[in-house]
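As written, the chains take the letters A, B, C and D, and residue 1 is the first residue of each chain.
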Amino acid sequence: MSNLEVSIGNITFKNPIWVASGTFGYGTEAPDLIDVNKLGAIVTKSITREPREGNPPPRIVETPSGMINSIGLANIGVKKYIKEMLPIYEDLSTKIIMNIAGTDIDEYIEILELMENQSSSITGYEINISCPNVNKGGMEFGIDCDMTAKLTEELRSRTDRLIIMKLSPNVSDIVSIGKASQDSGADAVSAINTVVGMSINANTGKSNIFTTYGGLSGPAIKPIGLAAVNKLYKDLSIPIIGMGGIVSSTDVAEYILAGSTSVQVGTANFRNPGTGEDLIDMIDTYVADSNWKSLVEMIGKVEIHN
Amino acid sequence: MSNLEVSIGNITFKNPIWVASGTFGYGTEAPDLIDVNKLGAIVTKSITREPREGNPPPRIVETPSGMINSIGLANIGVKKYIKEMLPIYEDLSTKIIMNIAGTDIDEYIEILELMENQSSSITGYEINISCPNVNKGGMEFGIDCDMTAKLTEELRSRTDRLIIMKLSPNVSDIVSIGKASQDSGADAVSAINTVVGMSINANTGKSNIFTTYGGLSGPAIKPIGLAAVNKLYKDLSIPIIGMGGIVSSTDVAEYILAGSTSVQVGTANFRNPGTGEDLIDMIDTYVADSNWKSLVEMIGKVEIHN
Amino acid sequence: MLIERAHIISNTEVAHNIWEMFLDAPGIISEYKGSGQFINILVEDSWNHPLRRPMSIASAKDGKVSIIYKIFGDVTRILSKKKSGNDIEVLGPLGNTFTNWNNNYYPILVGGGVGLPPILNLKSECELSKIDHTIIIGAQNSNEHFIAHDPKNDIILTTDDGSSGESGTVMNPIDRIIKEKNRPYIFACGPEPMLVAIRDYSLKNNIPTQLSVESYMGCGVGLCQGCVISKNNTDKKENSYHEQYSLVCIDGPVYESKDIQFE
Amino acid sequence: MLIERAHIISNTEVAHNIWEMFLDAPGIISEYKGSGQFINILVEDSWNHPLRRPMSIASAKDGKVSIIYKIFGDVTRILSKKKSGNDIEVLGPLGNTFTNWNNNYYPILVGGGVGLPPILNLKSECELSKIDHTIIIGAQNSNEHFIAHDPKNDIILTTDDGSSGESGTVMNPIDRIIKEKNRPYIFACGPEPMLVAIRDYSLKNNIPTQLSVESYMGCGVGLCQGCVISKNNTDKKENSYHEQYSLVCIDGPVYESKDIQFE
């Protein structure tokens, strides 16, 4: 095994292959098909203050080389997360990143405080800012620099654990949101969340998603994710965690070359929950067969023409 | 043949199948493979004031269900367009929409004035606002409401021909740009232009595109195009011309149901330059086999759940 | 639950656009629990179609699993082109099973369209356990039927257009047999309108009924939260963490008709 | 130029990972102009791979076209799985041809890797016209060769590692033969480093030379403007409207070595 270790903040991860929020449940769902302890980290499903049922069906539809989802942040709520999940995580040797979502800044803060008042083995928090802010007329946190900065600051002042701001691609300028996160104390940013999309059944004339619009993910969006990561890499000094359409070891290599320190596997888990584990071995072989001395050396080293 | 006619402004098009700018040259390139006179309209390659050579290669790369291009607005310039192309267009029975690009508002105006001083059979102008504005530090026109409004107004005051503002998907809020276009006098908006993307060759470590970033098109972006069109349809009263990943008659139907009055075929022309002609027959059959009385009746009639 | 590269033993068209495929899948069989369970099939065409396709297990014996599928779109079309000797990658067995059919009831098995496979599977289980039962198979017209109407042997076909078997929907024979038999129990799988009608009937007449339902599935294993159906009985706790919704892939696909709701 | 659904006559591996496919393509043949031209092949896997793949015509006679291709990635892999009897959709013939080879020159044909097919085609044309010539075929090692080293018959193989034919690159035999022959004219197609070396040599020694070049192609017919190569001679007007760039698909793929530049 070549050295696949990567560091974010003061934390070292044994490898850069994580599983993405919302695509791996709470980490306990598919034990038959994967040894989760091999993963660099598990990012758990977005947690809100109260449990949420999520949206009515249909919630999912396939699209060319991708899929749209509109799960609606269905989750068990922070209290049940603390009570039922944290004990399970004590026994895992992989790192757990808790993904947090909210509809106003107070909700994020409250969840974080509940967590920080708790002894737990959680490594850090990924903050899902692709959520409509009820106090700002439903505008997403993730499209506004000031809201992002404010949110990051508030959370930063309340924890020493990792704070990773998860950026939305549905913005005119993802770099400015990334900078706002960095300048307000985030340890890293992750990118990208899903891309707004729609799907229609031409035979029935119906929307294939209950909420009309949903989030596009999978290989179709890989070029969008790579561009976002590379732009962020060029302007930020904190690590970037890349995702969007990763299904193979060459995809992982591309994201690392574009500037990712680690990557998250999302949609690919639905096809094969063991994808993350497979990719660890495959990226190991990739590095060994390449001219790179280590994976860390590859970060951001895409050779550009101009 | 069922009635496929659609109207935009005071112009009636014989059918809603157009070919997209930059994917069909000047309309004269593939005469063996298509009867261009069958098309609803040809939107010609973006024209700038001066001829442009475009970017160095590599300019194109395939991605999952899509492709990235960075042609760099290679074109013959407006003078040659007037001299060499307009005479050819006199003899065509399809409508020609001239796509215009510029690096500041003056360039757009100058091109339009040169055209308007000319007798020509051009039906209208599609304005490519996904161009970096040199006077605003390279910021794209298409991501700023005020610049879009200003540009639309200036052009509107100088022509009675159709003005179609072509919207970029790389924005936080495409509807506000669409509204700015409408309120400043555009006859229609078209959406979407390509999505910013990147592609890396994991074997060589090189960017697959000379300019690092390029525009993603093809089936991969269909969900993004459909969402943009439907959002615009809900808030605008002018017609919307939809595009992004159209390759089949069901794709056309989906775009019409989402709210398009007509559609443009882009990337699919590269696979088969006759796609547009084929789709006219196929959408005709689709309408005949459906419960819709005409294609116009379908516009925006996607059945949503909530 | 495991992922297995299964050898295709045969793949034949049994009715218009309806195909039957036998797979050599000893791994799946080793964990198989009973009719109602399904497998999630991957057609490898790079990532053009990222999601697997769920298919009910139509039979499971001697290390072999069969599915019966209808050509709907791209993936089922690709599936129909596979030849014996090819491999496909399957994930399973997934989901729960029909229950109670062997508890001194008279099972009335009702299948329609692509809902027939798990019902045929249940019929085999009844036969194996020597349990008297009737099977009612509904279709729009005779083209879709690949089993003969044979009322003497308790095999009843219905077609909307009367082109084979009894004319009309499955509801007529269901009602008739319910009235004839002692301790009837309905087990049904089919298109939603059929399930809705059976559910209404079962609640009104207080007939115990299990329905195997469909839902668009992202993963089949509880990871994506995509495959929800509304619960009627929100007290009932299941594998998934929801109150109002149930995950069809792990809590279903078989439900008591009173426990769920259709939209 | 036309789109034709061509029947596959045969598809066989002729060297490690190198395949030869014969197609029944009377339409393509009816418009075929000569070696150098290519076809643009569509592998139908929905729209997973939206773009066609350009392949040089390796032979064209009796209504049949052949291509010789190497497995590089997804599409060539899918191509290699096709069986005789299958159809594929081809667009062509595209591009220009080698010229002047029959104007009292001594053609030195040079092919390397996947650049060999148009050179083999040109060789056949020379043979048909009874024009003396030499062919030089370069490869990294003997695995890639599927033609025998036969210097007596003016067939010279080179391998970088000396595992068959002459050791070294094609430049040695080129230089030797240029010196031996009257009015030599080089016609070459192969990997870019080879073409760069030949171009430098030809300019330095003032040897007339035509190079068939590759470029990433979006359409093959002049619509996408993707396939550019830098011109050396910006005065030269061509089908495309550029000054600095030339479109390889319609102005090429064959250029005089002095007319183009490599990056």
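What we mean here is this: a residue touches a chain if its C-beta (ideal position, glycine included) is under 8 Å from a C-beta of that chain, and two chains touch if they have at least 3 such contacts.
Note that the coordinates shown come from a computational prediction; the quantities given were computed from them, not determined experimentally.
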item: Shared interface partners, meaning chains that touch subunit B and subunit D; value: A, C
item: Chain at maximum distance from subunit D, centres defined as averaged CA atoms; value: C
item: Chain pair with the greatest number of C-beta contact pairs; value: A-B
item: Distance between the centres, which are taken as Cα means, of subunit D and subunit A, whole angstrom; value: 46
item: Chain centre separation in whole Å, for subunit B relative to subunit A (CA means); value: 34
item: Euclidean distance of C-alpha centroids - subunit A vs subunit C, Å; value: 36
item: Residue list for subunit A, restricted to those that touch at least two other chains; value: 56, 58, 64-66, 219
item: Sites on subunit C at which at least two other chains make contact; value: 46-49
item: Category of the chain touch graph - line, ring, star, complete, other; value: complete
item: Subunit B-facing residues of subunit A, complex; value: 56, 58, 63-66, 68, 143, 170-173, 195-200, 202-207, 209-213, 216, 219-224, 226-227, 230-231, 245, 250-251, 253-254, 257-258, 286, 298, 301-306
item: Contact set on subunit D toward subunit C in their complex; value: 45-49, 74
item: Partner subunit C, residues of subunit A touching it in the complex; value: 22-25, 29-30, 32-33, 45, 51, 53-54, 56-62, 64-67, 69, 71, 74-76, 80, 218-219, 247, 267-274
item: Residue ranges of subunit A in contact with subunit D within the complex; value: 64-65
item: Complex interface listing, subunit D residues touching subunit B; value: 1-3, 42, 47-52, 91, 215-219, 221-230, 241-245, 263
